[in-house]
Amino acid sequence: MGDIEKTVAGEATEGGLSRRQFITGVGGLGVGAVIGGLFVNGFALADDVLAIPASGGYLLIDQKKCAGCQSCMLACSLVHYGRENTALSRIQVTQNPFGKFPDDMVLDQCRQCPYPSCVDACPTGAMHADPETGARMVDEGKCVGCERCVNACPFTPSRVQWNHEDKHAQKCDLCLESPYWSRDGGPDGTRACEAVCPMKAITFTKEIPIQSDAGYEVNLRNSHWGHLGYPTDNAGRVVSTGSTGSAASASH
Amino acid sequence: MATGGYVGKILYVNLTDGRTEEIPTEQYEQWGGGHGMASALFWDRVADKTIDGFHPDNLVTLMTSPFSGTLVPSASGRTEVTGIGVQAYPIAWYTRSNMGGRFSGELKYAGFDGIAVQGRAEKPVWINIVNNKVTIEDASGIWGMDTHASQERIWELVGGADTNAGDWQALSTGRDSGRTTQRPAVVAIGPAGENLNRNALLLHDAGNAAAQGGFGAVFGSKNLKAISVIGTGSVPVADPALLMDLRLFLQEDYAYDVDDPILESPVPDMNFYGIITRHPGASPVLWQGAGHPNRPQGCLGCFRACRRRWNNGIANGDACAESCYWMASTDQDDRMAATHLLDQMGLNHYDVKNHDYLVALYKMGILGPGKQIESNLPYEKYDKLEFIQAYTSAIANREDIGADLADGIARAAVKWGRYDEDTTSGLLKLPNWGFSEHYDPRVEVEWSYGSILGDRDINEHGVNTHVHWMPTVQGMFGMAPLVSAEELVTQISNATGLPPEGWDYSEEGIYADPKIAAVAWHRHYSRFWIQSMSMCDTAWPNLVRYAGPDNVGATPTVEPQFYKAVTGKDLSYEESLELGRKIWNLDRAIWILQGRHRDLEVHANYVYEVPTSAPYPLPVKENGEWTYSTCLGRTLDREKWEAVKTRFYELEGWDAATGWPTRATLAAMGLEQVADELAAAGKLGAEA
Amino acid sequence: MRGRATFGVAIALAFSLALAYAVRYAAVEGSELLFDSATWILWLAPFAGMAAAAATKRRDPVVEGDRVLRHDDAAILEHWTHGIGTAVLLVSGIALGVWFVPALVGSGEPVWMWMNVHFVAAALFLFGTFYYCANTVLALKRLREHLPTRDAVDFTKRHYGLLLGFKKFSFPPERKYFESEKVAYLLALSATALIVITGLFKVAAHVFDLPEGLMGAMTLTHDVATVAMLFFLLAHVFFAAVLPASWPMFRSMFTGYVSLDHARHEHAGWLAELGFQETGSHEKSAEK
Amino acid sequence: MSDGIKKPLPEPDEAMVRHAIRELDFAERLEVHKMNPATGNESISVYKFPAAVDLIFETRWSQVSPQGGNHAGIAWVDLGRLVAWVRDTIGDTDFADALSASTAGTSAYKAQMDAMRPVFMERIAQYKAVLAAHDTSEAS
């Protein structure tokens, strides 16, 4: 007992000052370094945002051709997570069963924006543009779950989602990282939603499409579609299937 | 144990005491899903199987399958409904119905493989299911609303996504409960169900109806207005990559290519031809896009999309029979309005379609103001919207002659003392159990045999599309059949594993052993793949491919492949049929306890006495040659039908004298307990 | 006394102000995150803690009349900055969803608010932790008295046995810290170390482009350490504040003092170390 | 017709037209089979001439167009019975003769319909003219 007391006291007196100087030094330097480093960060971040490459391509959906079967949603969830969950689909089809065509449905796919607010908003760089393909996507491990990307997306519903089962942000990566997709994904491969659509209402372009708040302008309806009695004009108002049909319709 | 497909629990709700229970799905996994699980549940939980459909102890189920909510095409969105019905005549059998849409998928995302409801609530209620959380809500504010308004009200209450914005919606405060853009999937009854009409249906979204059997009235008798489900959970899939590959293989090789079809209707905008091509939107067959810009509409995960959604929002999703509700008018707007009203009132088209029978009685001077059958509906305007609206509302609200018709056309005809005469003359065509004629019972016999040996009009189009419609449509257009009669039966034979003669509809063929085997196959295949695995009967089985290098269909190889991909379990085609047979026998045991006996399994008189008067093309083998015959002037032969029954019973291992399964037959399928209960009731078949 | 009071008030005030600021920030600035915009504060905190330690003059325990100085102001500051920081970190961390446990907060604003709360707590926690570490380095004996001896296992058993009311346990004279407390101390130390290291990596990810795999591992470790820390804190609060027997010591974590009687009964060994003799001790200490 | 030159149908008189478009009794009805996959073959009883035209040609009495109406399915009627019905029940012999002549050499049902359609349209036009001449509004 006594011996403990001696040694303790001894150390305290002999080494105390030098340790105190050391601590003071480290503390002081650290404070200085941090404050100095502040400026560096400021500039570094700014550059990152401007340096985002354009996406290698864009999904196009013909809202007037969609049959609302949601196969695209099931395919998206399946190829990315190996399970079926419409809430985990990066493409969303919302419809009103009692609605009036063509306003009975909204289709929401990620537009792979040229200036992606989601990437801009990410504090950790988890949300980023793939260097090779330009696809805007998430490094799940880097995601700290702040959901700023979800909030930053200018569209409704947000094209970025919080994956509530795996706890990270998610968004359309054009099937670049789709572990359960036996075909090659990404801008140069095939997208699962596009491949699975039985109405062929989803396609892909490498050109930046004309963008409006309503979405990309697209009409994928050809004469064969018209032959089935469906409108092929952009407005989706006219059914031109031979004089007979029109004659009858004139009476309504 | 399955590694995918199921989400693990079945919800049991007792409305009498508000008790809910979670039944582990494993307990019933051996039955596959859907109808199989439902019948097993019913057997276990309904002690007295002889009760009336309106009895509180009646157990009504809404079941999913391992395929529900997945990418298995034309199998993901259907919901199987079972319980003791109230429609069939003379005995309202334990029966089934089925509806499309997305209810089954949403139910699984909410965490349940099925729902079983028993008991009766004191006052009107609706069941609210949100991500595993079940609450029984007061329905006083919804009771009285039509089927559409009820759903829209519940969307507001549960808080589905806003109609067109489709924004993300949290299902509870914690962010890890997930968010969805979807509306709750609601199944609701209308005035007809509330008024306990025997022809009341369950409606979900627009145009998805579980109509046959009168389950709307069963809901009504339980004071159950609706069930709403929404969830953000996942459905596990054993082999996701394989499922995706299979889906694309089937779609790319067997589905209609909308951009570049191999086989296209010779006339534009003609759904009629879609019977063969299976093009999108083909089902509302008498309606057109002309004058009504619209889109095709498909159930969850479907690759056919047989429905349509119109620019007037009227009769959306109404595919199939209800689109033919009223044909006295050729004004499509009026036809659609009539069908729309039918849906809103919650009435089963297949029972109330007989308004033309009433008009006939009116014309005959039997029905009308001051007539033998008193009724003041405007029959003289039978081809005007005014009439059909009055008629439809009258039934839903039990007004005027609707008071009688609300108990179903069969019981109404009996009450009027006209049943025997009119079902003998064929003026009223109710070939089996009081269900209206669907396909000609005198010639297309899988349908009529299967229906009378079962509980209802079978409504399974998988075979019918090929054997009847392909030659009919081609013939009407003066075009040669897409495949010869011989090629057709060969393909179907390959797909089903039955001899080609199983598909011979000649005077001799329909009574021959191969046909009897075909009927048995049809029952077993349907009980498992259609009714238990929830595959849509207008897409499955996939027997013949007209648009392709050969005519080979995807059945029977693809069904077990999908089963393996989703559940991870191996199941051979033969085993699947055996499972179907087991379910078919369990159902029969219930019917037997309800009073089923060989003597009852006889069609209405007209089937045996009034010859067919319109061409009804079917493949026949005459003098060793396969051809398509118009089958004119055909009736069914009573004696030969009796002989067929005897041989069918023997094939199934049932007592030929009674039509009751023997203990040996049931035991061989592991149904000893069922044999015991039949024995206790003195209704076990005698061993041959 | 006045000094300690000022300390406490100052800390409490600073902390609540920071919290209010964080909440308001989230509400007003929408998705603005202090973790992102004020990362530097977190870098500053450890050094500030060390700097503070360098400027701190410690007082050793001493018998003052009928009471004994157990914790000096520095100890109290260490303890409460570290303690409150830990508690708030746990609450906010768990609210945001830890490991496989579902989050309690909803998407959007609640998330940002709680992350900012987490930030403030982290700053406090880092300051306290490093202030303590520095102090300890300056006076290693304080570390020693925290380290268990070979009696640890046996004593710990007896100690908690007694606290939980098993009278059969008798006790030899304990020193300043019960052997049981020393064991708990080690647990806390390791959990703290893990949380600090992994936490700082997560902070670093806001500035540097760190590999995804590494960050995944860091996040997992952070969450696991959190669960460990949670259990330690609950146990600590129970045995050091909830149980009546611990109240005198709990009080001393505010006042700094325990009564002489208490020390006699519970920490005879410690009193001995302080060179306290029963006879005439009062006069002796009074002369100081 | 034998000489291949189509003779216009003789003008019908008002009494005959009014008789033709009257509401029929049950015994006078025409059975038309509506063929569709949803409900199979449904026999529909027709109680007036315009309704028969509507069903068989899927057009509307008030909107008769040469191409016929829509294509929403096929309504099958036994041609022999149809001609007999026009002759005996509707009471228009000339029309009945023209109809039976028009389908000579055709076999496919749709071909027969297409052959009969112009004859129907011609006769209906004549009916309408007669009715219009007597300033009525039967048509609809």
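Read from first to last, the chains carry the letters A, B, C and D; within each, the first residue is number 1.
Criterion: a contact is a pair of C-beta atoms (placed from the backbone, for glycine too) under 8 Å apart; a residue touches a chain by one contact, two chains touch by 3 or more.
Bear in mind the structure is a predicted one, so any value in this text is a computation, not a measurement.
Engineer: Please list the single chain whose C-alpha centre lies closest to the global protein C-alpha centre.
Structural biologist: Central chain is B.
Engineer: Once every inter-chain C-beta contact is counted, which two chains account for the most?
Structural biologist: Top of the contact-pair ranking: A-B.
Engineer: Using Cα averages as centroids, what's the distance between chain B and chain C in whole Å?
Structural biologist: Centre-to-centre distance between chain B and chain C: 68 Å.
Engineer: Averaging over Cα atoms per chain, report the distance between chain A and chain D in Å.
Structural biologist: Averaging C-alpha atoms per chain gives centres 62 Å apart.
Engineer: How many angstrom lie between the centres of chain B and chain D, each centre taken as the mean Cα position?
Structural biologist: 37
Engineer: With chain centres taken as the means of their Cα atoms, state the distance from chain A to chain B in Å.
Structural biologist: Inter-chain centre distance comes to 41 Å.
Engineer: Note the residues in chain A that touch 2 or more other chains, in rising order.
Structural biologist: Chain A, residues with two or more chain partners: 147, 162, 164, 167, 244-245, 248, 250-251.
Engineer: Would you please write down the residue numbers of chain D that are in contact with two or more other chains?
Structural biologist: Answer for chain D, listing residues that touch two or more other chains: 59-60, 69-71.
Engineer: Can you tell me which residues of chain B touch two or more of the remaining chains?
Structural biologist: In chain B, 168, 175-177, 179, 267-271, 288, 290, 331-332 touch at least two other chains.
Engineer: In the complex of these two chains, what residues of chain C are touching chain A?
Structural biologist: 30-31, 33, 35-36, 39-40, 43-44, 46-55, 96-97, 102-103, 107-108, 111-112, 115, 134, 137-141, 144, 202, 205-207, 209-210, 212-216, 219, 269, 272-273
Engineer: Please name which positions on chain B make contact with chain A in the complex.
Structural biologist: Those residues of chain B that touch chain A are 69-71, 73, 76, 102, 105, 109, 148, 152, 161, 163-168, 175-183, 205-207, 231-237, 240-241, 243-245, 247-248, 251, 255, 257-261, 264-265, 267-271, 279-281, 288-305, 309-313, 316-317, 331-333.
Engineer: Could you please specify the touching residues of chain A with respect to chain B in the complex?
Structural biologist: 64-71, 74-75, 77-79, 81-88, 92, 94, 96-106, 108, 147, 156-158, 161-162, 164-165, 167, 180-182, 192, 195-196, 198-200, 220, 222, 224-231, 236-239, 241-242, 244-246, 248-252
Engineer: Help me check something: in the complex, which residues belonging to chain C touch chain B?
Structural biologist: It comes out as residues 97, 102-107, 110-111.
Engineer: Please output the residues of chain B touching chain D within their complex, sorted ascending.
Structural biologist: 267-272, 275, 283, 285-288, 290, 319-321, 323-324, 327-328, 330-332, 353, 356, 359-360, 363-364, 380, 382-383, 437-440, 461, 464-465, 469, 472, 475-478, 613-616
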